[in-house]
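In this document, chain identifiers A, B, C, D and E correspond to the written order of the chains, with residue numbering beginning at 1 in each.
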Amino acid sequence: MEPIFEQFVRDLTGGFQIPFWAPMLVSLGLVLAFIALNAMFMIWLERKICGRIQRRLGPMLTGPKAWARFSMWTGGWFQTPCDSVKLLLKEDIVPAQVDRFGFMLAPVLIFMAALAVYVPLPISSTAHGQPSPIVVAVADLDIGLLYVVAITTLTILAILTAGWASNNKYSLLGGMRAGVQILSYEIPMLFALMGPMVLAGSLSLGDLVLVQHAGLFGVPFLGWFLVPSFLGAVVYLICAVAETNRPPFDMPEAEQELVAGFSTEYTAMRFAMFYLAEFSNTFVVCMIFTAVFLGGWTLPGFVPPGSLNLGFFHLPYFDLLAGMAIFFAKAYAVVLLLMWIRWTFPRLRPDHLMTFGWKFLLPLSFLNLLICTVLAAVQQIYFGGNPG
Amino acid sequence: MSPIGLNHFLGLGAVLFCLGAYGVLTRRNAIAVLMSLELMFNAVNLNLVAFARFLPNLDGVVLAVFVIAVAAAEAAVGVALVLSIYRNFRHIDLDQVDTMKG
Amino acid sequence: MMRQFPANPDLTVEEFELNMGPQHPSTHGVLRLVLTMDGERVVRCKPVVGYLHRSIEKMAENRTYTQVIPVTDRLDYCTSMTSNYVYVMAVEDLADITAPPRAQYIRVIMSELNRIASHLLWYGTFALEVGATTPFIYGFRDREKVLDLFESTCGARLLYNYLRIGGVSRDLPEDFCERMLAFLDEWEPLIREYEALLDENPIFYNRTKKVGILSPEAALTYGVSGPNLRASGMARDVRREEPYAVYPDLEFDIPVRTEGDVFARYRVRMEELRQSARILRQCAEKLPKGPFLEPQPLRLVLPEGETYVHLESPRGDIGCHLVSKGTDKPYRCKFRTPSFCHIEVFEHLVRDCLIPDIMAICASFDVVLPETDR
Amino acid sequence: MSPDEFLPTLKTRFPEVEFQLDPLNPRALKMSASGVPEVFAWLRDAPEAAMEFLEFSTAVDHPPDRLELVYSLYSYTHRHRLVLKVDLPRHAPTIPTLAHLWQNADWNEREIYDLFGVFFSGHPDLRRLMMPEDWEGHPLRKDYSHPNLTPRPD
Amino acid sequence: MIFDPNPVAFWLLAAMVTGCALAVIRAHKLYHAGLALVGTLFGVAGLYGLLQVWFLAGVQVLVYVGAIVILLLFAIMLTHHMMTPNLKTLSTQPWTAAAMCLMLLAVLLGGILSSTWQTAPDTTVYPTWTSQSGFQVAEAIPSVKALGFRLLDPFTLPFEMVSVLILVAMIAALAVARKPPTPEDPAEGCEEVVP
């Protein structure tokens, strides 16, 4: 973030030296705004997709009436903003016999985790005024993938705390289910991600994307790790759905079984934080999937120019914008896939979930790692160095 | 503020270690004892990493990785023992677990 | 500040008690299950009912024979027609009244339509219990169309109060048969769609196969009836055993499965949807012209005597034991309701299951609480 | 088999129990309380009866002195029904339970206990079923009164 | 140097670590002790970060917070009735223990202060901010790659031993924590009802 941000400010102001803390504050604000707006859009989209799958319209009434007359996709645009306002204005109830400390800590923790996980996610790159491409991320950490997986564990902690502090047996069961589920699926997920790690020889998400763009065995179409690490992609996607507690893996908050699981006792703002974090996490796993398996902001054999000159209109940072468009298009494609799964599948049973994770996904991810290692070795021996 | 040197880290490690030791000595609940043990592990790790960085030698970090792995194994077995004790005694008060029969 | 609850001495180390209901999203109304759990596993289950007890039987003793009919609507709000029917049948049996043939056909049409509506409702909620949301909407959407048919006939969508002693309250609308056939033509292919959503899904398959197996012997001793009994391998159906109304003239099959698990109960109901459609088509063809009601005095006085009649409701064998002392009010009016027996089975079936299985099993029996508590 | 066909068989098999046909209900047999539960056990197990299905059991209150228990049995094997009616003294109605013969009888008897106050000896769990545990009185008895219960005007 | 955030960060993290560690050993509710332990672990991870060993910080969070603490919290949930207040967790001799620990601390601190170390310059350890050149990364950041080679070259045997150790620990934990088989086998599916 810092180099591009500095560059940008310098371009705008003509050489203003920004203080060192400015990029951090700006990225914090950007990520917060992104989480809120994106979650709102995703909730609207979820309801529309759900409506489409169930042969109904979804929300249609809140929003400009003229648009709603046009098609189902143009109606109900104001539904989620209205819902959020409602959630924020609701009375905040802390039940009498809860553990106040834990009860208040849990939503903060889960939101912190949702926020922090955005740090290493690269959304684009630009070479504007730089000798080599700079990855656009809050900070393209050297240990990006490890960081992401580590931060996810905070989510377990938050859910477990919410379940325990609510002093409610349904909440406790939900919290423990969530803990077991996320913990078990983290292992195949980590192994599934290790395939691409080995292929790229790096933990940094930015490096992973750049390596994919370069292609495997010198063939750009083989570049997307979806191809060499297909099993890993499948395993990761399944584990990601399980990690975000989305149906069909929503046992921790299964309404028909545990009322609302760990969030049974939560209302208003605190509930909104859980809800927001859930949607944010869903999008984050889609972003990670895009960056790790779908080539991030790149398309095979396509390098956008650094700036677009249409004669009458000069657009600087075109490569950055084009990269972002590609990245979000891919990420939303994955989001749509997850939504499709959500609205057509029944819920798994916890013991089936465990069996599936340990006896099926884990061996599959091992196999994936093996395949990727062999491919990486071939690449190293016959094509020299890591791909890229 | 004065720059932070190796001694600062070592001192913090020592404090953390003694806090952990105090917890191990005074806590009666088995899980609390395990937690205090983790504090001591962390104190050691902190020292290892500080040494590795200030006397430039990566081996300290490698050792710290090993310590974390061993701590994980220790925690797993420890928790298993706690559960087993709980099942047999219906409590996990270490002062009262003094029989040799399971 | 915090109250310490005394530990239940009956529980072992790992056990704890969980109160599921009466307010719980998936106990369909107000069923309460007192569960003793070992983690996620159920050790014991005690169903508790009575939260919806409205003393319908006591109310019936206080009303004239005609006035009881709207009360029977409230027996089972998902299939008011059959509850109406069983009561009216009991009164007619005691008073030796025979409804005109057209009324008989209309009654069968209404029962079968109500069976479709009830099974669709069941399909939706059952799928919801196993965590699938889309089937719920599918089931309810098509149920609405059945309710439209009811509305055009008797003006009500849920509590019909349509049947009368000696017939039905009003004739079918002019175009009823055409609209019904149009609905059937449109809807019957959709059954395939319902099945596609669940049948071929391995998650659903795993969650319902070999879960909650009810052996035929256990089913009989618990008084289980209807689709639940047929899913346990016994082809018992009141429409076949003791045919009433015009059922002897109609052709239909009794779907049977032998497994007795949740999946079998689901399959039996899906097949029953098809059979109901088949019956309805025949009825539309054979529906005779003529009077729809043999008018009875408002204050009907029945001779002294008692009778028991029963028929096949969507949930099973619903019966009415009617005792008359020669007055204009029932002396005793006992309803034998299928859900009452089905809930008792939970105690036996839910043992050693996991929490999600409770939901699948309870939902698969299609219990309706107002019918249980009466 | 109809009740009049059952009558001779039952009379020879259980000489100490009184049986008679019911003039009000052609499907019913009246019997004395001494035959419970042996007669029922026989009806369930004997191949010619094979009453594997207890449809329902209930009670009818006949003040001032009589309380009538009604058991309706059905055989899927033979497709016949037999209603058995047992008279009990109204002031202290007690009768052995059938819960060990049909699981179904468990709740049916709890309901009768709840609403009519019939005590079933040997019942595994005789508690109120419909009414709250601390309810007083038995609502389906004819002389039951409650402040909220007013007779319906004619 | 205009402003050096490193000491601020260190003291903040040190306060967090010691404060949370105190909470771990004094909290009345075990679950709170667990949460405090998470605070300590994050503080230590932060210190690793300050020392630019980001990989270890990640591992610390992943393994300690993600696995060990969660395991301990599970154990708390399994062995305590929910919300048991005022847990009696302190033994009868806190003062003796405190005295012993203080003595230990004195010895350790004495040892630390009396030693002299040949330390590398601070610029190789921390990142710096200066008015002239702005942000400067630390000169010698241990990369993940270097660490990996280190693990595989001189430490191969210990590395493998650790994996064996973890395997053994896993099996041992399973063997110890497993419920003893009950005499009667749980019924499978439908059991015959004997009416």
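Keep this in mind: a residue touches a chain if its C-beta (ideal position, glycine included) is under 8 Å from a C-beta of that chain, and two chains touch if they have at least 3 such contacts.
Here the structure is a predicted model, which is why all the values come from computation and not from measurement.
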Chain at the geometric heart of the assembly (C-alpha centres) = A
If you tally the C-beta contacts for B-E and for A-C, which one comes out higher?
-> B-E
Separation of the C-alpha centres, chain C versus chain E, in whole Å, is 58
Averaging only over C-alpha atoms, locate the centres of chain D and chain E and give their separation in whole Å.
-> 70
Distance from chain D to chain A - Cα centre to Cα centre, in angstrom | 65
Note: chain C sits from chain A at a C-alpha centroid distance in Å of 46
Where does chain A touch two or more other chains at once, residue-wise?
-> 97, 169
Please set out, as single numbers or ranges, the residues of chain C touching at least two other chains.
-> 2, 218, 221-222, 348
Per-residue multi-chain contacts in chain E, two or more chains | 55, 59, 67, 69, 74, 83, 193, 195
Inside the complex, what are the residues of chain D that reach chain C?
-> 24-25, 27-28, 52-56, 58, 60-61, 70, 72, 76, 79, 81, 83, 102-104, 106-107, 115, 128-132, 139-140, 151-152
Which bits of chain E are touching chain B when the two form their complex?
-> 4, 6-8, 10-11, 14, 17-18, 21-22, 24-25, 30, 33-34, 37, 40-41, 44, 47-48, 51-53, 55-56, 59-60, 63-64, 67-69, 71-72, 74-76, 78-79, 87-91, 93-94, 97-98, 100-102, 104-105, 108-109, 112-113, 117-120, 122, 124-126, 140, 142, 146-147, 150-151, 154-155, 158-159, 162, 165-166, 168-170, 172-177, 179
Okay, in this complex, where on chain E does chain A touch?
-> 29, 31-32, 35, 38, 54-55, 58-59, 61-62, 65-67, 69-70, 73-74, 77, 82-83, 129, 134-135, 141, 143-145
Touching residues (chain side chain A, partner chain E) in the complex | 2, 17, 20, 97, 99, 101-102, 105, 141-143, 146-147, 149-154, 156-157, 160-161, 164-165, 167, 169, 172, 176, 179, 183, 186, 201, 203
Residue ranges of chain C touching chain D (in the complex, touch as defined) = 49-50, 53, 55, 57-58, 62-63, 218, 220-223, 234, 236, 241-242, 304-308, 310, 317, 319, 321, 323, 331-332, 334, 336, 340-341, 344, 348, 373-374
